[in-house]
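Shared between the two complexes below is chain A, which has chain B as its partner in the first and chain C in the second.
Up next, the complex of A and B:
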């Protein structure tokens, strides 16, 4: 599996556009800045929704209205964030695909997506009038807490991708090397 | 109140962006040793002109005459260009001198690593090659240090 991921990453790395982004004077910086700025937009909205469910923000506004209103800017930010994130990966595919932090981040993103899916189902099936209360029902509150935790960890992991502590080029311990997907004898990092 | 809220709306992202910049792409102390300054005189063997940090590979003559490969981290290609370093100014085989700090990881795998602060070309021109505000020691190499 790790060999396959590595060979796909090496193939992406041969693309002219990937190299151009990796070596660009402006594009990479713009994309990275946009990624971080749209993160503020989408997570800013998401966290407000989560905090409303917990009764910690906008307690006098119906929870459903908060969720519906903030959903649009959140999704706009989210879309740009995903696109710029994919471009950042495309610029540096080999190192990123073997980054322990990036791998943890992907697992957490899947967790966050499943949690969001469950959250929306619970919101639909909640008894009428639930959203007028200061705090949402327990199921939604759990979803809100999980969302806050998952996304905080996702941002942290994203931040840590910048550091080389566990890079395959530094020959980490066998355990870390397996998790990070280092391929024995690889020559490109 | 409305004005205060508006001000907050404008100021918060600005402050956040500024503090982000001050942090740099990654903090100096996470990977490099401020107590291990190095001066490397060697021949350029490869330049990785990449984001978020460029890497200059140097063949440096070590003790006993054998050649040691060093990888010196610089700023982004954009930062280097603005400082006056570009692809054509670092041809393979050219002799340069770099001042910087060794990596905390001193195993030298696959090459010895250092964070570059400034670079002296063969003609004696000295150029800052790092990024400002990373938390590296204020050693006079960064003209924007206050």
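Up next, the complex of A and C:
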């Protein structure tokens, strides 16, 4: 599996656009800045929804109303983050695909998506009138806490990707090397 | 216009004059003199426990940086929802004053965390950021943002039903632009130096 991921990353790396994006100081930084600044829209809205469920934000506004009204700007933010995230990966495919933190981040993103899916299902099946209470029912509160934890860890892993602590070029331990997807005898980047 | 509204306008004009004076200071020779005088402070910052931790352990710096980003995300959410409500874009069925009050609490808490984590990070790279123009632009934007939020926006929004709606909309747009500038200049620090 790691060999396959590595060959796809190497193939992406041969693209002229990938190299151009990586070597363009302004374009790369603009994309990365957009990726980070959109946190204020996507995570900003998400945090408000989660904190509302916990009774820590907008307690007098119906919870369902907060979730529905802030859902659209939040999804716009996440769409921008996905597009810019893919572009950032495309600019540095080999090193990123072999970053332990990037791999953990992807797993956490899947967990956050599954949690969001379960959260919306629970919201639909919750008994009538729940959203007028200061705090949401326990199931929704658990979903909100998990969401906050997942996203805090995702941001943390995103920050850690910039550091070379477990890069394949640093000859990590066999366990870390397997997790990071280092391929024996690979060209170092 | 009520007396309260008139008072708010008077205070807002004074604050705007103070902000223009701050801009004049930022662009004059006085700023250069003050900048030279601040060098010992930045050199001292690197010797504090925050500075030593930030310089010695990369993971500690990165972790605090992540919390800084999370605080900025929450701050952005509070600003966007509060100003979005003033512009009639979100939570239109909820009274504007109610949204403002509740978002202001979140704004203050996230600002406190962002400033505290920001000071920690600044201590770790004090001798670098001292020479970065963009850092000083960020400090200027942050100062304007804080003054604007507490002394212009908040007094005006407290009289949201008496102040003309166009004024309220302008305040909301200015608020979003100021806090976007704070975040954008902060991001650009990472690319500089």
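Here are some notes:
Please note the rule applied: the second predicted complex is superposed on the first by the 188 of 189 C-alpha atoms of A that agree within 3 Å, B and C clash if a C-alpha of one lies under 4 Å from a C-alpha of the other, contacts with A are read in each partner's own complex, and residues count from 1 in each chain.
As a convention for this text, a contact is a pair of C-beta atoms (placed from the backbone, for glycine too) under 8 Å apart; a residue touches a chain by one contact, two chains touch by 3 or more.
This structure is a prediction, so every number in the text was calculated from the model and none was measured.
Within the superposed three-chain model, A:156 lies in touch with chain C and out of touch with chain B [touch as defined at top]. In the superposed model, C is the one of chain B and chain C that contacts more residues of chain A.
Judged by the touch definition given at the top, the superposed model places A:171 against chain B, while chain C stays out of reach.
Shared-chain residue A:23: touches chain B; no touch with chain C.
Using the contact criterion defined above for the overlaid structures, shared-chain residue A:60 touches chain C, although it does not reach chain B.
When the two structures are aligned on the shared chain, A:79 is found in touch with neither chain B nor chain C. Contact with chain B, but none with chain C, is seen for A:91 once the two complexes are overlaid on the shared chain. Using the contact criterion defined above for the overlaid structures, shared-chain residue A:48 touches chain C, although it does not reach chain B. In the superposed pair of complexes, A:7 makes contact with neither chain B nor chain C. The contact surfaces that chain B and chain C form on chain A in the two complexes overlap at residues 29, 32, 36-37, 40, 162-163, 165. Of all residues in chain A, only 21-26, 28-29, 32, 36-37, 40, 91-92, 162-165, 169-171 touch chain B in the complex they form.
Interface of chain B with chain A (complex): residues 13, 16-17, 20, 25-26, 30-31, 49-52, 76-78, 81, 105, 107, 109-110. Put simply, chain A touches chain C in their complex at residues 29, 32-33, 36-37, 39-48, 51, 57-61, 65-66, 69-70, 73, 151-152, 155-156, 158-160, 162-163, 165.
The part of chain C that touches chain A in the complex is made up of residues 58-59, 62-63, 65-66, 69-70, 72-81, 84, 90-91, 93-94, 98-99, 102-103, 105-106, 179-180, 183-184, 187-188, 191.
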